[in-house]
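In the two complexes below, chain A is the common chain; its partner is chain B in one and chain C in the other.
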Partner chain A sequence: MTMKIQPMVDNEAADPSRKAGRQRLRADRGSPRGLHRHWWPFAIPAVALTWLFFLIPFVLNIRFAFTQWTGFSDVISWNGLKNFRGLIDQGILWKSIEVTLVYAGIAMVIQNVFSLGMAVLLQRTNRINSFFRSVFFLPVLLSPLAAGYIWSAILSPTGPLNNAIGLVFGNFDYAWLGHPFAALASVAFIDAWKWSGLVTLVYIAGLNAIPDSLSEAAVIDGANAWQRFWRIKFRLLAPAFTFSVVVTFIGALGAFDIVQATTQGGPGNATTVLNIAMFSQYAGGFFGTASSLSLVVTILVIALGVPLIAFLRRREVEA
Partner chain B sequence: MKTIVKAAGVVTAVALSLTACSNPGPGRNDGGAGVTADGTAKVKAKELTVWTNAADTPAIRDVYKRFGDKFGVKMNIVSISADAYESQVQTKWASGDRPDILEYHATSLFWALNPAKNLVDMSRMPYVAKSGKIYDVAGSLEGKVYAAITDTPALMDMFYNKKLFEKYGLQAPKTYADIESICTTLKKKAPSVAPIWESGGSVWPTQILGGLMYMGSAQKSEDWADQVLKKKTTFDAPGSPYTAALEEYKKLHDMGCFNKDATTAKFEDSVKAVSEGTAAMVALHSGLISMFNDQFGGDTAKTDATIGFAYPSADGAVSAWAPNLSGTWYVPKTGDGAKESTALAFIQYATGAGYQDYVNATKTFPVLDGATPPTGVQGLAQQVADAYKDSSQLAFNSNLIGYNSQGAAYLTGILSGSETPADAAKKSQKAFEQAATAAGLPGW
Partner chain C sequence: MSAVPSELPVQADRRRGGTSRRSSRRRREPMRVAVLTCLALVWVGIPMWLLVINSAKPYTEASHLSLSLPKRWMLIDNYKYVIEKGNYPQALLNSLIIVVPTIVVVVLLGSMAAWAFARSRRTSMKIVYNLTVLSVLLPPAVLPTVYMLQVVGIDGTRLGYFLVMTGTRLGVVVFLATGFIRAMPQDLEEAAAIDGASRLQIYRVVVLPLLLPVLLVGCIILIITIWNEFFFASFLLHGSDSATLPLALYQFASSSADVAAMRWDLIFAHVVMTSLPVIVAYLFVQRRVVAGLSEGAVKG
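After this line comes the complex of A and B, so read on.
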């Protein structure tokens, strides 16, 4: 069997009746001027919600980040960069940024590598794959706090993970959450485990959108399975890849609940991500410094998210 | 479109101007209810809202019930999770939400509620005069009493397994040198027993062995925390007892005195381990005696026969006490005179006519003069009461704001090897200084 790839053609030129149909549709809708006049009521809910729950709180928070605002006094006064300097002096700011970035990096890599692998394995829709898709999606439905509590039991020195390892290597009682880097990697892994089911579905949808004809053509050209995946499917998965990488990375920058349920930011400050540090400041009644940390999270999301999206979108065009 | 942008701009500008100069929480106006807090308040409302710790014992909850039943007041109990009690109260408080009665800490944590603005001054209530000197150091700010403390203070010290101590010829420790010696002996004679159980996974217990107990000596000899508050010394000053406490903690860790999973273990397991004799000692607060009783099926005689209480410090037996969160109440200014009056009537009842029932139910020693000590107090609770009377000092961190919420995290850092005592001492000083300045403490 041979295949011909049809060149892209102007559909309207090829089928004049479609052009006529579109003209009728425009006439039904009214003039282009009318279109401009009537679109905005539909945008009001979205615009209002964005303003009310994102932009206004964000703008207000910018100001509070530079104020002395505590529960101890009813006066909020401007104090410039003092909150940030205080957080640096206490060793909180740079450390929590570092911890947040490492956490987000680990969570993003694990989620995307694992989910892409699972998507390739579970791409075809059949009874067995549907069952496993459901199983892998279950953690997404679980409360992050519950996931944290469950995993802290699994990872305890006398927990099931160490018992399983002990069956192979003998007595094993490593404290996964008791060593600085292991604790950070473990909580990032829990985050990845929690959300991988969702990312897997995104990749499955992306894979299913790739025409089989391309793979079949590649087979004819002598491409092996790895080449078909890497040079065709992975490149055409670019939109799904962009979405998944951005969502997992940006999502992990806002980590809180899983860390709170497992390590509470410890041991020491090894897993004190920015939101845990913010929570701690807030609990002490230091709302100004908590706002400063909140602003840092926002800046990180914008500073890292925008270039990341721009880079990945460019890659999509190239693909 | 331009109109929409303009409108949004106006909304933002208005929102900014409204919030620019006021604190949405503590800035709330005094209700001006004009209620007199001198023990003469009357029940005038039919309903009160109470914010309580979800971990409260039934004895505490029974006080609300008895008051409600006696005066026909519906008590709406809002239970707040013990794990994040302070942050949840702060969140609600900062948004302007207020209960009629608030159960909260009597340490400096309550200063963050801006008491002068938001809490009823209860200095003239009758219970204050019956409470000894407790309000000199707790539940008060700038000479005004805001808290009603009804529960026996908690002691932050050590429980130990008496049977293990008898078996290996050990005496209850009085100093940290004694603790080291006990550890060395047990490691030689009973290697399967963890000399000290540490619960880094629960975080908060670490500050007891890693500071509160050790600092008892410095508190007794030089009122160290007060000197820090008055800028006469610092956490990281040369020869600082605080740095010495951290170094001693690290030494015990390096000697192998702790359970293997010290960085991740939970305090609930420590009670079990010491009760069963797989660990010899644990530093906890005395409010957990009931958990030991649970380990022995509620048989207090068995608990008393197995568990002992010790209060070592750097160089002598000094117990570190702190007021209990349970049974410490405040009356927020809500602006509703009837409810404020009823809330004060509750305080009068809890510290007056209803106090004896409460003491009998908790089987702890009364902190208010005039109440009769309960009968049938178990031996272990008696030991705690004796320790408090014998030699006790306010836990050093009680009023060191900024530090008291971070101290335990520094200790888990030392446990995991990511923090040194010297660095932790520097950070402690910074945390305190910044908080003291932000809070506007006298002299800061």
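After this line comes the complex of A and C, so read on.
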């Protein structure tokens, strides 16, 4: 392999920035020979793909949300707030926002409570814990659809859950997915079930990043296990906590697969989250109103995600 | 508030505190394992058992959804039916030819861009970086995507779906890898530059190998999310010829649902077959996956 070897001195002499001394040189690290001045060729392929297939559609959506765009005509025309008014008149908009928020709230709480508990149980790295970590990670690998089918079987009136309850209380045939609130809570639970294995690992990473010396010092100070957890570990866990709460909540705002596999929005519209409502508008050929609903998801993510991050971050600084 | 409660009396005997903690840990260990075993059985064991065992039962037996062993084994017949009628081979092929190139492209282009973002000091690059990683948190807009693909004429095709998957997942890898590179000393890259290596060489020989841990985490997340991706697939892929596995599963389950009751035997067989490739892959690299993720690619 031939490499062109240039003496370092020549280049530095040619570089006017050298006069500014060491400080300047450090600021320019990565371009010691002027070779590295342009970074954009390395970024362009990824940036082009992301902008083309994420950013541009994202911006276009803001426009499409306010247009008359259907599968029945080639013309896409501006119609202001008419899509949103139509969605309100049909009772879709507020209901689906409410359903989405309740779904995301339930999924987020279950996931974080369960995963935090599991992380505490499985924190130390040893053979037994590695085994259990792998076992609890299994649902993460399943597709949300698969999780939906498995759980709609478990929750069916004659399914294993009701049979187990029946062993204790006698004949039990509650239709978990047939009653409005139970159905919504159940699908949110399935979402939590599918992802908690991953969130558990995030919390384990967070717990293991806390130096043991702090806990040991607290033991010496006479703190019991409960105090050690809430007053030390839980506070220092703030970055992992922020990440998990935000990711699980925002992720659940975009729910679609699990609902599609279990209730498809029913009973009635009790589990019609925004994306399900969006899909049925799309399937009906109403692309404009579908865009409007998709914009609502985006607005919810921004309007709730940003304050949530800000709030949780402040907690991190405190700790 | 300080992390250690200061109002508690300080005990001088370090030793005693240490040993009593260790022995209480040892005493509690069997209980902990028992609790974990029960939890694992209820949380993972029963759902998985229900899935696998009912996929081996005849239709009427499976409709009871019991956890008992099949009275009559229909394992081979059910799976054969899924392979023949469930569009399985075509969907498996489609999934593979979409997932594999997507991951290769996303990991290579993403890490390359991450290197540029981490090392460049230009404001313009910082702005571009921030706009690019927006895709990590913001939900992608699916309808304009459909529209754009229609304009180009690749709507409903695997190519279009592949491009969209690539464009929407790059942000994750860029985000993870940029943070990782920023925390990495630059000396090696500088040394290679002084030795006359071109930048592509530096990327390939120096940067890429150093990035392996974070790219492994990225790969795991990508495989799990793209293999199971259903939302975009249901908008962007039409018909059964281009269907990926999740789409084929959904089409199969929906069509078998028309018949009076759910065909749990067949749906479960399809679920098993759809999940199998990822689960088998997981069994091979399981230790590295869990270790890689629990060592944490997440830094707040």
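As a working rule, the second predicted complex is superposed on the first by the 269 of 319 C-alpha atoms of A that agree within 3 Å, B and C clash if a C-alpha of one lies under 4 Å from a C-alpha of the other, contacts with A are read in each partner's own complex, and residues count from 1 in each chain.
As a working rule, a contact is a pair of C-beta atoms (placed from the backbone, for glycine too) under 8 Å apart; a residue touches a chain by one contact, two chains touch by 3 or more.
As the structure is a prediction and not an experimental result, all values here were calculated from the model.
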Using the superposition on chain A described above, determine whether A:Val75 touches chain B (first), chain C (second), both, or neither.
first
Please indicate which partner A:Ser134 is in contact with in the superposed arrangement: first for chain B, second for chain C, both, or neither.
second
Applying the document's definition of touch, where does A:Pro180 land relative to chain B and chain C: first, second, both, or neither?
first
By the touch definition at the top of the document, which applies to A:Ser280: first (chain B), second (chain C), both, or neither?
first
What's your read, chain B or chain C touching more residues of chain A?
C
Which of the two partners, first being chain B and second being chain C, lies in contact with A:Phe172: first, second, both, or neither?
neither
Given the touch rule stated above, what does A:Gly265 touch, chain B (first), chain C (second), both, or neither?
first
Can A:Asp221 be said to touch chain B (first), chain C (second), both, or neither?
second
Contacts of A:Gly91 with chain B and chain C, given as first, second, both or neither
first
Shared contact residues on chain A for chain B and chain C?
40, 47, 51, 55-56, 60, 152, 156, 158, 279, 282, 287
Touching residues (chain side chain A, partner chain C) in the complex
3-6, 8, 27-30, 32-33, 35-36, 39-47, 49-58, 60-61, 64, 118, 121-122, 125, 128, 130, 132-146, 149-154, 156, 158-160, 163, 193, 198, 201-202, 204-206, 208-209, 214, 216-223, 227, 231-232, 235-236, 239-240, 242-243, 246, 250, 253-254, 256-257, 260-261, 275, 278-279, 282, 287, 290-291, 294-295, 297-298, 301-302, 305, 316, 318-319
Chain A partner, complex, touching residues on chain C are 1, 3-5, 8-11, 14, 17-18, 21, 32-33, 35-36, 39-40, 43-44, 46-48, 50-51, 54, 64-67, 109-110, 112-113, 115-117, 119-122, 125, 128, 131-132, 134-135, 137-148, 163-164, 166-168, 170-171, 174, 186, 189-190, 193-197, 199, 203, 224, 227-228, 230-231, 234-235, 245-246, 249-250, 253, 262, 264, 267-268, 271, 274-275, 278-279, 282, 286-287, 289-291, 293-296, 298-300
Within the complex, which stretch of chain B touches chain A?
1, 4, 8, 11-12, 15-16, 19-23, 25-27, 84, 86-87, 90-91, 93-94, 111-114, 117, 200-201, 203, 260-264, 401-402, 405-406, 409-410, 412-419, 423, 427, 430-431, 434-435, 438-440
State the interface residues of chain A toward chain B in the complex, per the touch definition above.
40, 47, 51, 55-56, 59-60, 63, 68-76, 86, 89-91, 152, 156-158, 173, 175-180, 183, 264-270, 272, 279-280, 282-289
